[in-house]
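Encoded as structure tokens, the structure appears first; notes follow it.
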Amino acid sequence: MSLLRTFTAAGLAAVLSAGTAYAQDLILNSDKTEWNPGITAMMDAAGTAAGVKVTVQDITPTDKYQAYMQTSIAGNNAPAFFTWWNGQQLSDLVATGIPADLSANWDAAIANGDYSEAQRELVSVDGKPYGVLLNVANWVVFYNTAAFEKAGIAAPPTTWEELMADADKLKAAGYTPFNGPTSGGWMPFIWFSQLVLGGDPDAFVGLTDGTVPYDGPAVQNAFKVWGEMYAKGYFTDPREQDDQKFFVDGTAAMYLIGDWHSGSFAEAGMEPGKDFKTFLMPSLSPDVQQSVIVEASPIVVSKAALDANPELAKAVQSMMGVDASNALGTKIQVYNGNLKAAAPNATIQANKDMVAAAKPRALVRWWEAVPSQIQGDLVAAMGAFMFNPTPEQAAESMKTMQTINADYWASK
Amino acid sequence: MAVDITDKAFISGLIAKEKRTQRQGGRWLVLPILALTIAYLTPLYYLFVTIFKTSEEYAKKGVLELPDSLAPLADNVVQAWTIANLGQAAMNSFSYALVGAVLSVSFAAAAAYGMTRLHLLGSNGWFMLIFTGTLFPFQMYLVPLLFGYQRLGLVNTWFGMLLVYVAICIPFPLLVLRNSFSSITREVDEAARIEGASEWRVFTSMIVPNAMGPLIALFLLQFTFIWNDLLFSSILANGIEVRSIMVALQSLQGTYSTLGPNVVITATLISSIPTVLLFIALRKYFMAGLQLGTK
Amino acid sequence: MIATASALLSPQVLKEARQRERRVAWQQTRIAWLFIAPAVLMVTLFLLTPVVFNVILSFTKWQKFTGLDQFAGFNNYARLFRLPYFSEALANTAVWVVGAVVFPLAVGLGLALLLRNIPFQETFKSLFFLPRVLAPTAVAAIWYYVYAPRGVLNSAVSGITGTPFDFGWLYDPATITGSVIVTFVWQTVGITMVLLLLGLAAIPKDPIEAARVDGASNFQIFRHIVWPLLLPTVLVVTILNVAAGFTTFDLLWVMATSFPGKRTLSLAVYMYYESFSNGAWAYGSAVAVVLGAMVITVSALLAVVQARVSKNIR
């Protein structure tokens, strides 16, 4: 029996040395490491209202975060709060019954003038809202004002022809016209989706619901334009892993990205509205309606956590208040759409005004709209083209994407 | 040609001739080996010049150029240590490796004792059961382990991670120890038993001391295996408080890609220190351990 | 002696003795259970149970959050060959297995034969062994920068040729697998060489001497005497490296971090992506089962060959 005792002792010792238990009040999981200070500030403000402490735990990169959350949810072990995506990603999540219906909170927020009905739709599935907005961003083209000046471009382009002409001028002035990053496991979709929606917004929507193939005319045209732009040397080296490096160091003159990125340009020493400004990406031809991608990232609240502690509803309410929004904006210059909150910087305000004036068609980002099981595989094929922008690779990538896409929708 | 192999003079002449040709051959061979060695050591040379460079210096200079001064090392270490929480990760990995290797080798030794020194019904069957654990690629464990761990609340816990390491590290030591224990003569424990020693006593004071060599070698191998693990920790415990040093190292290269290579390279060096030290201190056992793997 | 002894004992005494013996045996078995229990429990719970579940999962429709309770038959296995990436990953894995076996062995054998007869043998041996002591993740991080566009290799090339050179070794599907295999060889050749040196040292000198006296060339001696005697060691090294080739993960995962097609670089990486990034749990499990079946089949074949060879030598 002394044997058994020894083994037990060994086991106990192991348990005790593990003793630094990681018991915490409540957890918010996120893959947005760079936003951690902002989210923490927002949750501190909100948590105090409900008397709980919320700790932000980051898991990066994005694909690992998705894996972690998928197994957490499958294992019925979801945290109280977590960042998610809207669109198809949110519908999938709602089907699990994990997220709480936040209708009451949204009703109060809208009554209070914090948000609009349209914003509620951004995080709704079948008419019910399931998230608090963390980020509402317009996708625009950032441009380096010094580069435009040096290349003799007086006003930002309003048509595709002007954009291409400006790109030639920038090239002649020694700049690479566009920053074309491939990092993070998702960035290759940026130009792919832009060129599809710029040519045919309906086809873009059809790509994400299985009605339009990835080797059809809309995609073929996108790859053709993309390849021509690469051939003319319009894009930066795809091997760079720091996505904003070429824009910040002045190599690239333009960067198509969500305006949540303006904070990190500012962090790197570029002043919003002065060193860089923005314009709306024109469509490929004047007879195609201009579109803008609106990205909305929700924070989802677990139904189980809300049921266990009804006080949490207060925290959720204050997450939607103007103070939480300002805490976020001040800390990391990310705007969560609160109508009473000030835009965190001049660029974000300018983008709001531009969109209000031009009234482009608002589209859900490809990443949120596409089924997440095939997201990564499709991005890989787009990335392969960026490293080898030839017609042969384009054909190869289209074939690969369509095989994966068709298989997915057939198995539905 | 008839050779008289009992002729001493003939034999010694042959040996001298052999040695001459060897030495000549040897001199010729040194050059290509030297060239190969230099190419072989270049990455290590790169490692040692890079840890003394600042990020700006790295960007400006040729990658193989010597650094301006030795001072930047301290800053690189501090950056590597703090940015990816490398300190915490090193502590985690050290405790996983130490506790995991001790427990797994102990469990394997106990099992080997039970199988070789005691009357055990179906001893071979038990052995085959555990040995099966060496056959499957790790990829077959991952999804079920992650799912089961989520259910049990063991994901992202120190204890849960340890359990997997211990289990993974049992089958191989058992295979080796079963052989070493069998080769210890039976009289040793028979005598002790007649004197009334308990099995536990026989095991700890007769068998274990007689197999110290393989036990230390196995401990080293398993310690190194756990310390080096990236795969299991990246899936089962990648939270910042419990993740292993290899996951931290990898995140340094992935997430914080804006960091200069000088910091990442410094982190690779830090992450190798314990295993390198163990190797130097216990080289004899390490080499013996390698041969264990081949029998 | 025995006959005399049993003649002295009555059947009754004998029976009691046998019973006592059985009792002791039973008692020992119970103690033995305690000794093997921790190992058996740990291995069964954490290794064998997951393997069984992995096989079961591969027949379900589990993806993302749902389908764990739905039976898919062989659907996941049928999809393996319908989807483009699996075949690519399979082909790359085949390249890995061949590369991981042939190159360390060829280079290691060359080094072992060269190092046998030169001064400072121990120093060279230690130097070549050094990379083995570093963790694969660390090795991969270092070599990531060796192959970087502005890295060590390109600097060396442009230094020698005098023209700027910034080829992306780890960004081109044509060079990435080979480049990572070179890193693998860099790390494993030391241990392969040490094992082969041990094998060489164990070969008796007499037959070699005799052959040399008879005028045999070095190649003939190697071909007909050294190689057959070295074969068991070669096979052991092969078995170790075959398994490594099939399942290499750390090196690829870290070195290919910025390569868009990294998911197809090996079955191990592909399985990781399908399961942990796409949430295709059942499909990823099917990939793992295929990988497991291949590893076990090839290892078993090699074990049979090894048994034959060692029997022939004895």
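For reference, chains read A, B and C in written order, and residue numbers begin at 1 within each chain.
We take it that a residue touches a chain if its C-beta (ideal position, glycine included) is under 8 Å from a C-beta of that chain, and two chains touch if they have at least 3 such contacts.
Keep in mind it's a predicted model, so treat the numbers as computed, not measured.
Trainee: With chains as vertices and touches as edges, which is it: line, ring, star, complete or other?
Mentor: complete
Trainee: Skim through the chains and flag the pair connected by the most C-beta pairs in contact.
Mentor: B-C
Trainee: Measure off the straight-line distance from the CA centroid of subunit A to the CA centroid of subunit C, and report it in whole Å.
Mentor: Here the centre of subunit C sits 41 Å away from the centre of subunit A.
Trainee: Whole-Å distance, subunit B centre to subunit C centre, using C-alpha means?
Mentor: From the centre of subunit B to the centre of subunit C is 15 Å.
Trainee: Could you pull out the residues of subunit C that touch at least 2 other chains?
Mentor: Residues 31, 34-35, 38, 257, 275-276, 281 of subunit C touch two or more partner chains.
Trainee: For subunit A, give me the residues that contact two or more of the other chains.
Mentor: Counting only residues that touch two or more other chains, subunit A contributes 3, 64, 67, 74, 183, 241.
Trainee: Would you pick out the residues of subunit B that each touch at least 2 other chains?
Mentor: Residues 146-147, 199, 235, 254.
Trainee: Which part of subunit C faces subunit B closely enough to touch in the complex?
Mentor: Those in contact with subunit B are residues 24-25, 28-29, 31-36, 38-40, 42-51, 53-54, 57, 111, 114-115, 117-119, 124, 127-128, 130-131, 133-139, 141-146, 148, 150-152, 155-156, 186, 191, 194-195, 198, 209, 213, 233, 236-237, 240, 243, 246-247, 249-250, 253-254, 257, 267-268, 271-272, 275-276, 281, 284-285, 287-289, 291-292, 295-296, 299.
Trainee: Within their complex, state which residues of subunit C touch subunit A.
Mentor: 31, 34-35, 38, 63-66, 68, 75, 79, 82-85, 149, 168, 171-173, 257-258, 260-263, 273, 275-281
Trainee: Note which residues of subunit A are touching subunit C in the complex, please.
Mentor: Within the complex, subunit A touches subunit C at residues 3-4, 7, 63-64, 66-67, 70, 73-74, 92-93, 95-96, 182-183, 185, 188, 237-239, 241, 372-377, 379-380, 382-384, 386-388, 399-400, 403-404, 407, 411.
Trainee: Going by the contact rule set out above, which residues of subunit B touch subunit A in the complex?
Mentor: 95, 99, 103, 106, 146-147, 149-151, 153, 155-159, 162, 198-200, 234-235, 238-242, 251, 254-255, 257-258
Trainee: Could you pull out which subunit B residues touch subunit C in their complex?
Mentor: Listed in rising order, the residues of subunit B that touch subunit C are 3, 14, 22, 25-26, 29-30, 32-33, 36-37, 40-44, 46-47, 50, 62-64, 107-108, 110-111, 113-115, 118-121, 123, 126, 129-130, 132-133, 135-148, 163-164, 166-168, 170-171, 174, 199, 203, 227-228, 230-231, 235, 246, 249-250, 253-254, 261, 264-265, 267-269, 271-272, 275-276, 279, 287, 290-291, 293-294.
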